[in-house]
Each structure stands twice: as structure tokens, then as C-alpha cells.
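Both of the next two complexes hold subunit A, though its partner changes from subunit B to subunit C.
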Partner chain A sequence: MKPHDWLQLTLFLAALVLLTPLLGRFMARVFSGEPHLLTKPLGWLERLIYRASGVDGTREMSWRGYAAALIAFNIAGCVLLAVIQMTQAWLPLNPTGLPNVPLDLAVNTAVSFMTNTNWQAYSGEATMSYFTQMAGLAVHNFTSAATGIAVALALTRGLARRTSATIGNFWADLTRSTLYVLLPLSLIFAVVLVQQGVVQTFAPYVTATTLEGAEQVIPLGPTASQIAIKQLGTNGGGFFGVNSAHPFENPTPFSNFLTMLAIFVIPSALVNMYGRLVGNQRQGWSIWAAMMALFLIGLGTMCWAEFQPNLPAAMEGKETRFGVFNSVLFATVTTDASCGAVNAMHDSLSPLAGLVAMVNMMLGEVVFGGVGAGLYGMLMFVLLTVFIAGLMVGRTPEYLGKKIEAAEIKWAVVAVLAPCVCILIGTAVSLANPVGTATLNNAGPHGLSEVLYAWTSAAANNGSAFAGIGVNNPFYNYGLTLAMFVGRFAVIIPALAIAGSLAAKKTAPASSGTFPTTGATFTLLLIAVVVIVGALTFLPALTLGPIVEHLLLQAGRTF
Partner chain B sequence: MCESGDAIPSDGEVIEGIARVDESAITGESAPVIRESGGDRSAVTGGTRVLSDRIVVRITSEQGNTFIDRMISMVEGARRQKTPNEIALGILLVSLTAVFLLAVFTLPAFAHYSERAAEQSGVVNVSLPVLVALIVCLIPTTIGGLLSAIGISGIDRLVRRNVLATSGRAVEAAGDIDVLLLDKTGTITMGNRMAVAFHPAPGVSESDLAGAAQLASLADETPEGRSVFVLAKEKFNIRAREMNELSATFIPFTAQTRMSGVDVPAHEGRQATSVRKGAAQAVQAYIESLGGTYPPAVAKAVEEISRRGATPLVVSADECALGVIELKDIVKGGIRERFAQLRKMGIRTVMITGDNALTAGAIAAEAGVDDFMAQAAPEDKLQRIREEQAAGRLVAMTGDGTNDAPALAQADVGVAMNTGTQAAREAGNMVDLDSNPTKLIEIVEIGKQLLMTRGALTTFSIANDVAKYFAILPAMFLGLYAVSGSTVGPLAALNVMRLHSPQSAILSAVIFNALIIIALIPFALAGVKYRAEGAAAVLRRNVLIYGVGGVVAPFVGIKLIDIILVALRLA
Partner chain C sequence: MKTIIQSIRALLVFTVLTGALYPLVITLAAYAFPAKANGSLITVDGKTVGSTLFAQKTEGPRYFWPRPSGAEFATVASGASNKGPTSADLVKAIAERRAKFGADAPAEMIAASGSGLDPHISPEAAQQQVARVASERKIPAEKVTALVAQHTEAPQFGIFGEPRVNVLTLNLALDAIR
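And then the complex of A and B:
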């Protein structure tokens, strides 16, 4: 690592630390219904939306009601998105005349965008019309992120409320997070991106003649508006196939810096907001510290693996415009935060760096994680940590004064383990099945890594691709669809159930007999639980993938 | 009806008569106890024996649900109901098991792919025995197997302290207690007021006062009376005089006169005197009725003693007030330290007493309780418990009387004294056979110990798995991707323990797994050592011992077993 790499890392961390409490405070105000910066300019719009849709934003919902509204909203959006794709040839804003999307791909893409995964088995510029991109995919970039925030809010309320039967109103949370957080930030960010050189046009693709006289089609489109939310909402679905490695998506080092920051800023600020809403900022910072530590451990390992002096071909697949460090930092951020945008080929990362990318996702996308999803995912681990730690101090475990009992443990375990189950079974079935291994680009352990990565990315709702594997076929399209679906809702429903169960409980005041869930001991314990659960589940699989590949590479053997 | 020599057939209440009952069968205490109708000592237990006299008992328990029955079923633990905490832990362990099953049984698919990729065949050992060995090592059998043992040993530790819990749930709840309601009498103080000083009236020597006080207490068999007697003897070496030697008449204490004393007739040149001791107002009225004057100095002494929270007793001889005896509640030795410990554990203590606020405050300060309730009626206790519970706290209390029953039932942990009424014993969820209210503190410790042992073993058991992976995975994949001509592939690097061979590695891991369960049984029964300190400190220590220790121990253990196996040429 060179001095300017260190400088960039420092700037990145400083910007993140600075923005976290600012945005966290703003969101805490927005979601607790207090007056805030945007009440005056946009408050009328919120009320108008409620009136137009016949929603009473103040009507409180039970967790079942909340979950039902959330699922109905998501399923309806998903169906609509699939229909748009399959009829795009007949819809407007298709200047390039792209055909309708086939069923398996349409279903895969619809679920992918609904679940905030943005797994793309297609190349945007060659498959999706401007209309599909804007009215379909970009809309879901907003709603899936807003859904994540809503679940995180519901769980936060569950912890903060005392003996309450309700956990908030889904429609109000959805509207407020979109209107006051995601839209304004995206707007600002899109304008900055346009200034940096990201394209934003309805014009058809441009045909250019290259120096050699060959004809080249240069795809264009309303990109900046979509890239902004793709990063901020940790969606990651690129406008173009190569995602943030495309000069029209990510033109300059500054845009690269901002896109990385944009991935982390909302997940990080949500943790801060959480601390404020439960009435103790240190609760938020303790969780944040665990996330930051896991991020730095991952980044450190990746850098160590990539900056080996005698590693062959370290530049392969890297973002050559911004250098190895920016590829590595981007890869860590995007896999930590469940974003899935990429500016380098993860397939070409050295084995251990690829291992880190996978482990980041296998931990359950809780290292800042997806917008909202990172927070509620990490809170599941917090509950497990509190349970074990509570036993060790000789009290029935409690978190923020709420007793953690069988119901919470049951749901937390489901939330933590459901994605793991998808990854292991999906990978095993793919490897044992000729259809699953037919499209592999690489032999040897790297092939195993490619399959494992695909399932991990889908189940963790990350959406980044290791690539090196052809996944646009019915087997992977439907299989990964299922993984994305389970990986999303098998965490959301438990999170809401826990929210409901905790909201109904009494809050016991803390005493010196209750162990503190703030401070270094708790943070370390939380990190240990996250790592141990991940390690115990995936060590055998990782051994036969990136670990053995690394050992072989050291012995000078490649496949 | 039970007469001497009869065994009491079942649990019940004495409705007529009084008897000495041998309860050694349940308490282990050989001295018989008095059981009488009415009052707070009316409960009798089936299986105990009447030693003298005759009582009529109304049976209150159903067949098969008597005290003895419950005691047997608790100790047997056969139909032990799982506590909520055990259920939650069970869910966690079952889920972990499911994940391990999945991780292990997806391995053949990964392994066969790798064999094809390495263009090798038969180098990966994913045969069923190996997979089963791996699964047996990984799944949390240790804690799973010991869970019941931990629960039963908790109950057992209570029984050994002569406390019977009606459910394991109550024992666990004891560990969570935030507030302890303690009766002053018998728990915090010795139970009876004791004479500590004589304050003579002007013109009276202290020894004269002591002599008169002792005379007045001659026939007073109450502990208070005895204490006056003893104090006079200790301070002035005044020898006891015999009642019949003086042919004195004893004037017993009545609620109307609020005095007691003796009338000594004139004898051999000695004047007849009437010595009285009693409440200040009563004695004052008595003196004035005899035409004497009540000295202001005495009134002042009375007031001062009251202000200190002690009880004044005025002594008079005929129409002269001789002075005041100061009676004080003696706080039990060591109780202050106990409360300090409880505070460290995060438990607040509340003293409950029928005394006035002044007395209660003085004793509370001396004993170091956090709060007190003076002039508390049974309803006040119930009210206080409800308030604490509404604030989210768990409350424990002890009680014996029938009027305690509602509060005992309301409290999260109610410990009834065995000498108490049947109603109290039914209402509480524990019975202390020794009827020692201080035991609540030990019960709390046992409850905490129970949960800590569970947490420690769970952590230890899960932490163990790391080493087992490092023993078995390299053993399974040793030959994978080996260059031709070699049998050792790159994954041998994961064999960080440098175990001798794949066979010895798997065998060592399995043997370690079996041995560790045996090694931990005594630990599960004895429980984690409990020290009264803050939760953060306890957590740090236990994580270090059972978490970090749990990761390290199997590495050492498996390596040792491997060395032994190799030395014995078993692998």
C-alpha cells in the first residue's frame, strides 16, 4: 500500500465517522415524527400521499399487520416488475428496441430487485429498456431500501417500547424513508455524479467509428439517477453490465470515492439512529464499533492478500483506472454492505481476498450491511450474544431491559441460519449436478468458489457476482431466485416477530447485576459470536474453495 | 385426629389442640416442633409423627400432591418440567446441531467435486463413519447431555441447604431477583430486642436500677426479659434471687396494663415493694396513680432512646421511677456485609417492619439495607411487590404467616418458612425447612450459579468445535490436490496440531469429545464458582475462562491424546 492509499482510507473513514451521527440524528427525528429539516418543504407531499392512497399514517400496526402489509407491498411490486420486463418491447422508452425478457430471467430479476439483492444474470445495456430500468428497476431500488429501513425501524421500536401491542405503521415508514431520506440524498448524489461525468439521457445508443475503422455501439441511458440510489440503497444493480467499472457509471476517482461512501453512509447512520431511538447512543456506537472492526479486519486481510510482492497477475480484473487499493476497498465495502456494486472482477481477486469477500457475505451481511438489513441482521446476532452472555453472568438474559426468551431465540436463530442453509444446500446441489457445473469457466477449487460465491451472494442479498460462471439459465435463475427470496424474508419475518414479541414485554431497569451492552467487552463478544457462527458453518466449504486454492497458489499450482 | 405416636397421614392444618411433632423426616432436625391450632404454626406435613398430646388435623392436600410427594418428584427430577430458559437454550442447541448436520452432510458434494477437479479419485475420506465422527464431535453433545444434570444439581444444592423448590423455574427466577423484601425480625435482627443499657433516674445508682430491673424480670421468660436479667448479671454481677425464696408474686404483662413486674411481700425487716417495668406512658400513669411524680429526667431519657430507634422500658419501685432500660434490636452479625454483596450483585434490599419509621430508619441504617417500609401491614407488602413488578423488577420475599400468603404468591420468588402456616407454604414457590429467612441470599446465589453453569458450558462446548474442525478436516482432505507421487496435499497445512495421521486425528478428536463430557460432569454438578461482583466483571472472567479456554483446551487435549495413541501404537 502506498501513502496515497493510506490517505484515501483515512479520508474515507473520517467522512464516514463524520456523516454517521449527522444523518443518524436526522433520521431519528424523521422516524420519531419530530419536526426536521424537510418537514416544511416536503411535509405536504407526505400528507398528500397518505390522502391519495387512503392510508392513515398514524394507525399503529401489530407485527402481523406490519408483516402482512410489507409482504403484500413487496409481492405486488415484484409481479409488476416481472410484467414490465416481459412486455418492455411494447412499452415506451425503448429507443434501442430491446426484446421482451424471458420468464426465468424476468422472475429472477424481479425477485432480485425486490429483495435488495440486485443479482444480475443479464447485462443491463443489452437486456433492459430505459423504461424497465427507470420505472421498474430504479423504483425497486428505492422501495427495497425503504423496506429494509422499515423493518429496522419496527425492530428498534420493539426494543424501545414498553408493553405495546404495536410496532408502527409500515406505510408511514415506507413513505418517510423514501421521501425524506432516500430521495433527497439520491437527488443530491445524482447531480454530483452528472457533474463528474455520469451519463443521464434518453437518447438512443450512439454508434461510433473507432480508430481502426470498426463500428462500436456506445450504450447510454438515464444512468446517474439510477446509480445514485443503487449505491445509497445498497442495491448494487448496475445500469451497465460491468457495473461501477464502466466509465459512464463511475467516471473519476472522486466519483469512485463518493460511490463507496454512499454505500456505507445509510447503513452506518441507521446504527447511530438506532442508538438514539432506544435512548442510549452508546448502544448504537457499540454495535457500530463491532461492524467497523469486522470491516477493518476484512479490508486488512484483503490488502494483505493483494499486496503480496510476488503474487502473479495482481492487476488482472482490477479497476486499472483507480488502482488495486480502490478495487480492494470497493470490494470490501460492497460485500460488507450487501450492495453488490463492483468496480473490479471479484473472480480475479487473489484466493484469500475472494475468501474475505465471501466471508463478508456469509457473516449474514451484518458488517454495516444492506440499508436496514444490516441493522436488523446484526440485532439478531446481538440477541444471540446477549443470550449467551446473560447466562454467563447468571441472569435470565435481557437486552435493553427486555427479557430474551425462547420465542426471541427461536426467531433469531431462524434469521441467522436460513441464509446459511440456502448457501450450503444450493452449492452442494449445484456441484453434484452436471447442469450446475456445466457453465463454470474455471476448473479446480476456483470453480467451487465461483458456485459458492453465487449462492452466497444471492442468499445474503448482496448481488455482487464473482462471475466466471454462466448463471443465465433456468437452473440458476430459479434456484438463486429461491435463495434470494428466503435470504430476504426468512430474516425480515423473524425480525418483525421479535419486534412484536419484545414490544409487548416490560422493560426492566438496569442494575449492576445486568451486564452492560455497551463498551469493549460486549463489542468483542459480539464480533466473536458473528465470526464463530460463520466459521463453524462455512469452514468445511471454504476449505475446499478459496483456502485450498490459496495453498495451491503458494505452491505455484493453478487450474 | 392424631395422638402421640401417630404418623400424620397427609398435609393439613391443625384445627384443634397442640402437639409436639417430630419433623425430622423432612427437615433433618431432630428436635421436635410445636404445632397448634390457630396462629402461624398450624401446618403439619404428611409423614411426620406426633410425639405428645393430641391434635385434630384437617387434611388440605390431595392424594399424591402432598409436600412429600412434591419433594420426591423434585429430587427425582423424572418429570422435571423444562424452564423457559432451558427451552430457549434447547432451541439454540438444536439449531446449531441442524447447521452442523448440514455443514457435514453437504461435504460429500463438495468433496466429490474437488476430487473430479483434482482428477483424483478416492483421496477424500467422506465415508459415513468419518462424517458421523465429525458430526458427533461438532454437535453440542457436551452441553446437551449435561443440561439436565445442571438443572437437577441446582435443585439438589437447594435441598442440601434444606430448601425445597416447587419448580426449577423458581430457582432460575431467584437468580434474576432485583429486589429482596426481608422481614426485619429474624432476618436482619436477632428477632428480639435485647437490653443494652440502664439509664438511672437522678439520685438512683445504676446498680440499684439494674437490681430492680432484674427483680422485675425474674419471672419474665420472654427473650426480652431474659436479656434484662443477663445484662444486670453481666454488668453488676447481680445474682439471681429465687422467686419462691422471696415468696414474690408475679404480675404478668397484659395488653391493658402494658407492664409486668413482681410484688415482694414484707419479710424479715424488708419493706414490701412492687417493682414494675413497662412502656413509659403506662408506668407514668401507674406512678401518678400511686401519688408519685414522674421525673422529667426520665421522660427525657425515654425520648432520647426512642429517637435512637431503640425501645425504652421504665422501671419503677412503688411510686418512684428508678430509670429506664434501653432495649435494642440487635442486628445480626455479618448481615451488613451480606447486603453489601447483594448490592454488588445488583440486588436492592428492602426491610419490612411493623415498627415506627424512627425505629425502622435506625435499624435500616445500621444493617445497611437500601430501603425500608415502616409500619407495614400485609396489604402494604402486596402493594409494594406490585409496584416493583410494574417497574419491571423481579421481587423475592420470605414469609410465614397466613397474612403473608397473598404477598408470597405475588412475589416472583416466595420463600415460605416451614414453621409457617399451610396457606403460606402453598402460596410460596419454595419452602425453607430450617425456617431461616437469611437463606434467601443463598437461594439467589444458587439461581445465578445455575444459569452461569449453563452459559459457561454452552460457550465452552461451542468454542471447542474450532479445534475439532482443525483436527478432522485436514484428516479428511489430506490427499486432495496432492501432486502425483505424493500422498500429502496442500490442505495438510491446516493440520496445525501436527497430528500423526488421519486415523489418529479422527480418533483423538472423538476420544477427546467423549472424555470432555465425563470431565465436565463433576463441574456441571458443582456449578461455576459464584462470586458477588458486578455483571461486567463476571462476564469478562467467564468469557476468558470458558470462551478462550474453550478454544484452546481441545487443541491441547487432542494433541495429547494423539501423542498417547501413537505411543501406544494404537494409531
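And then the complex of A and C:
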């Protein structure tokens, strides 16, 4: 790493640390219903949204009622998105005349965007009309992120409330997340992106004649508006096929810097907000410290792997304007945060850098994680940590004064293990099946990594890919759809169930035997639990893929 | 049933707000930057010759060459090689690129870019091509070197990213010399 790279890293970390408490404080005000900066200019719109939707934003819901509203809203959106894709040829704003999307791809894409995964078995510029991108995919970029925040809020309330039968109102959480957090940030970010060179137009594609007389079609579209929320909502679905490596999505090093910040800022600030809402900021910072430590360990490892002097082509799949360092930082951020945008092709990363990208996802997307999803996912690990600590000292585990009992631990284990099951079974079925291995782009252990990465990305709701593998076929389209669905809702439903169960409990005052959940001991224990669950579950699979590939690369083997 | 009807109504409201009004507002705001919002197109004598942000295939010896593209400079759809470091195809491609760009070519010239459309090369890579371009065009090498220097961008604000040369605008500047 050059001194110049260290400077960029320092600026990135400083900006993140500075924005985290600012946005955290703002969100704490917004979601506890206190007056805030945007109450006056936008309060009327919030009330209008409730009225137009026919909902009461003040009625408190039980966890079952909350889950029902969340699932109904998400399924309705998923169905509408599939229908838009399958009828786009007859809908407006399709200047390129793109045909209707086939069923298996439409279903895969609809579930992918509903679950905040944004796995893409297609290239946007060759598959999706302006209308589909703008009124279909981009809407889910907002609503899936807002859904994630809503679940995180419900779980936070479950921990903060005492003997309560309710955990909040889904419609209010959805609306406030969108109106006061996602939309204002997107408006600002989108305009800056246009200023840097991201396109934003409804004009049709342009055909240029190159210097040597060939035709070059230049694809356009309402891109900046979608890219802003793609990053801020940790969605990651590109407007164009090569995602944030594309010059029209990420034209300059500065747009790249802001993009990385946009991916991390809301997940990071939500942890700070959590501390404020449970009444002790140190609770938030202790979890944040665990996330930051895991991020830095991953980043350090990936840098070490990518700056090895003996790689055949360190710049393969990377862009000149970003160089190696900004590509590695982006790859770490996007796999930690469940975003899945890429500014360099992960398939061409060195074996151990690819391993870090996979491990970041396998940890359950809790290193800052997806918007909302990172916080509620990490709180599952927090419950497991206090449970394990309780076992070690022989006392009933408590968290924030609430007794953690069998019901909560069972739900937390479901949430932690369900994505792991999808990844391992999906990978095994694909490798044992000629259809699953027919479309690999690389032979040898790297081919195995392509399959493992695909299932990991889907089940962890990340959406990035070792993109050489051909996944636009019914086997992968439907299989990965299932993994994305389970990876999302087998975590959300347990999180809401735990919220309901904890909300109903009394709070016991801390005693001398209470395991403190702030401070370095707790943070280290939390890191250990996250790493042990992730590493031990996947070590055999990782050994057969990237680790063997690394050893064979050292020995000069090619495939 | 009530929840389902509420969901559908809320979905439509959110679609109007985030899927229509929001992109329209951004499109209006983008009128402040008309060239960039429309693809940073370059027009010469009334004809569109490309975009500042897209590499284009230039193979003739009179032009500076861009980085290799894993997708033959395709724009619809864009693509990359997606070859891993133990790929025999990649090793072969690297050998071909070394033959084309020289054994001491900078790292980015022996590697296909991420977008397949990377508009930039490093200043070193441009410098290595100066002698060829100057002799093909029968102009002094110093003049071409000066042109490369003019088209070299420093890291943005002195901080972000890498120094780089835009190949298309450099080639257009060459063509403009009469």
C-alpha cells in the first residue's frame, strides 16, 4: 500500500466515524416520534401517505400483526415487480424495445430485489426497460431497505419496552424510514452523482461512430436516481451489467469514495441509534466496535492478498481510476454490508481475497450488514453470546435486564443457521448435478468457488457474484430464489418473534452476577462467537475452493 | 384481508413516490449538468464520436490503445473476463498482451478491465506508446509527450484514485493536429 492509499483509508474511516453519531441521533429522534429537522417540511406527506394507503400509523401492533403486514407488503411488491418485468414490452419508457422478461428470470429478479439481495442473472442495459428499472427495481431498493430498518426497530423496541404486548407499527416504520432517511439522502447523493458524470435521462440509447469507423451504442437511462438508493439501501443491483465498475455508474474516484461511504453509513448509524433507543449509547458502541474490528481484519487480509507481487495480473477485472486499493476497499465494504455492488470483478480476485469476500458474507452479513438487517442479524449473535457467557458462569443469561430463555435462543439459532443450511446444501446439489456445473467460467477449484460464492451471496442476501458463472437458467434462477427467500425471512420472522417475546418481559435490575454487555470483554466474545459460527461451518467448503486454489497458484498450476 | 388491501394501496403509494416522483425530481435537477446527465458525449463536426467515459476499440498504430477488454468493448451488455488467477485462458491472454504492449508494460495493460470499457490508462502506459504514435504520424515525439502530459489527470482533489490518461480525448487531440 502506498501512503496515498493510507490517506484515502483514513479519510473513509474518519468520515464514517463522524457521520455515525450524527445520523444515529437523527434516526433516534425520527423513530421515537419526537419532532425533528424534517417534521415541518415533510410531516404533511407522512400523513398523506397513511391516508392514501388506508392505514393508521399510530396503532400499535403485536409481533404477529407486524409480521403479517410486513410479509403482505413484501409479497405484493414481489408480485407486482414480476408482472412489470413480464409485460415491459407493452409498457411505456422502453425506447430500446426490450422484450418481456421470461418467467424464471422475472421470478428470480423479483425475489432478489424484494429481499434486498439484488442478485442479477441479467445485464440491465440489455434486459430491463427504463420503466422496469425506475418504477419496479428502484422502488424495491427503497422498500426493501425500509423493511430492514423496520425489523431492526421492532427488535430494538422489544428490548427497550417492558411488559408490552406490542412492538410498534409497521406502516409508520416503513414510511418514516423512506421519507425521512432514505429519500433525503438519495436526493442529495443522486445529484452529486450526476455532477460526477452518472447519466440521468429518458432519452434513448445513442449510436456513436468511433475513431476507426465502428458503431458504438451508448446506453443511457434514469441511472443516478437508482444508483443513489442502490448504495444507500445496501441493495447493490446495477443499472448496467458490470455494476459500479461501469463508467456511467461510478465515473470518478470521488464518486467511488462517496459510494463506499453511502453503503456503510446507514448500517453503521443504525447501531448508534440502537444504543440511544435502549437508553445506553455504550451498548451500541460495543456492538459497533465488534463490527469495525471484523471489517478491519477482513480489509487487512484482503489487502495483503491483493498486494502480493507474484499475482499473474493484479489489475484483471479492475478499473484504472480506482487502482488496486480502492477496488479492495470497495470489495470489503460491499461484502460486509450485504450491498453486493462491485467496482471490480470478484471472480478475478486473488484466491484469498475471494475467500475474504465469501467469509464476510458467511458471517451472516453482520459486519455493519444490510440496512437494518445488519443490526437485527448482529443482535441474534448478541443473544447467543450472552447465552454462552451465561452457560460459562452458570447463571440465567440476561440482556439489557431481560431474561434470555429457551424460546429466544431457539429462534436465534434458526436465524443464524438457516442461511448456512441454504449455502451448503445448495452448493452440494449444484456440484453433484451436471446442470449446476455446466455453466462455470473457470475450471479447477476456482469453479467450485464460483458455485459456493453464488449460494453464499444469495442466502446472505448480498447479491455480488463470481460473475463468470452462467446463472440465467431455470436451475439457478429458481434455486437461488429459494435461497434468497429463506435467507431473508428465516431471519426476519425469528427477529420479530424474539421482539414480541422480549417486549412482554419484565426488566430485572442488573446485579453483581450480570454479565456486562458493554466494554472490551463483551466485544471480544461477540467477535469470537461470530467468527466461530461462520468459520467452522464453512471451513471444509472454503478449503476445497479458495484455499486449495491459493496453494496451487503458488505451485504454478493452471486449469 | 384488510392487511392485503392496505399492502396493495401502500405499494402503489410508494411506487408513485419513489418510482415516479423521485426519479423525475432528479431528472429535473440533472438539467443543471446537461452534458454529464446525457452521457458525456463527444461531438466532432456534428457527429457523435463516443463518450468521454467509454473506451473504444482503437487498434491502428496511429492511435493510443486502451486497456484490453474482456468483452471486446461491448456496451450492450457490458462485461469482463471474470477469469481467476489459476485460469489457463488468463495466462495465455497475459502472454498475448505482453507481446502487444511490451514486456515492461504497466500492470493495467496486461489485464482486462472491470467494465470492459475502462476509458483510462496510466501515464506510464501512455508514455510507452508515444514513440509509436509519433513515428506513425510523423510528428515530433516531444509534441506527443506534451499532449500526453496535457491529458494526464492527477488523483481527484489531489487525494482520490490514481493518476490517469483518457485515451479517447487524447486520440481526438492527436487528430486535431493538422
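Here is the rule we go by: the second predicted complex is superposed on the first by the 559 of 559 C-alpha atoms of A that agree within 3 Å, B and C clash if a C-alpha of one lies under 4 Å from a C-alpha of the other, contacts with A are read in each partner's own complex, and residues count from 1 in each chain.
We adopt the following convention: a contact is a pair of C-beta atoms (placed from the backbone, for glycine too) under 8 Å apart; a residue touches a chain by one contact, two chains touch by 3 or more.
Computed from a predicted structure; not experimentally measured.
Using the contact criterion defined above for the overlaid structures, shared-chain residue A:Gly444 touches subunit B and also reaches subunit C. By the touch criterion defined above, A:Ala126 reaches subunit C but does not reach subunit B.
By the document's definition of touching, of the two partners only subunit C reaches A:Phe240; subunit B does not. Contact with subunit B, but none with subunit C, is seen for A:Val429 once the two complexes are overlaid on the shared chain. Of the two partner chains placed around the shared chain by superposition, subunit C is the only one that A:Thr207 touches, whereas subunit B remains out of contact.
Judged by the touch definition given at the top, the superposed model places A:Thr558 against subunit C, while subunit B stays out of reach. The partner of subunit A that touches more of its residues, comparing subunit B with subunit C, is C. Of the two partner chains, neither subunit B nor subunit C is touched by A:Gly275.
Once the two complexes are laid over each other on the shared chain, residue contacts for A:Gly394 go to subunit B alone; subunit C is not touched. When the two structures are aligned on the shared chain, A:Ile409 is found in touch with subunit B, with no touch to subunit C. Annotation: subunit A residues 443-445, 552, 557, 559 touch subunit B in one complex and subunit C in the other. Interface residues of subunit A, counted against subunit C in their complex, comprise 4, 7-8, 11, 49, 52-55, 68-69, 72-73, 75-77, 80, 123, 125-127, 134-136, 138-139, 142-143, 171, 174, 178, 183, 186-187, 190-191, 194-203, 205-212, 214, 216-220, 222, 224-226, 228-229, 240-242, 245-248, 251-254, 256-257, 311-323, 326-327, 342-345, 347-351, 354, 441-446, 449, 466-468, 549, 552-553, 557-559. The touching residues of subunit A, counted against subunit B in their complex, run 384, 387-396, 401, 404-406, 408-410, 413-414, 417, 420-421, 424-425, 427-429, 431-432, 437, 443-445, 447-448, 506-509, 511-516, 519, 521, 525, 528, 532, 535-541, 543-544, 547-548, 551-552, 554-555, 557, 559. Listed in rising order, the residues of subunit B touching subunit A in the complex are 84-85, 87-89, 91-92, 95-96, 98-100, 102-104, 106-107, 109-114, 117-118, 138, 172-173, 175-176, 178, 343-348, 391-394, 447-452, 454-456, 458-459, 462-463, 465-466, 469, 473, 477, 480-481, 483, 489-491, 493-494, 530, 534-536, 538-540, 542-543, 546-547.
Those residues of subunit C that touch subunit A in the complex are listed here as 3-11, 13-15, 17-20, 22-23, 25-27, 29-30, 32-33, 36-41, 47-54, 56-60, 63, 67, 70, 73, 75-88, 90-91, 94, 107-108, 110-122, 155-157, 159-162, 164, 168, 171-172, 175.
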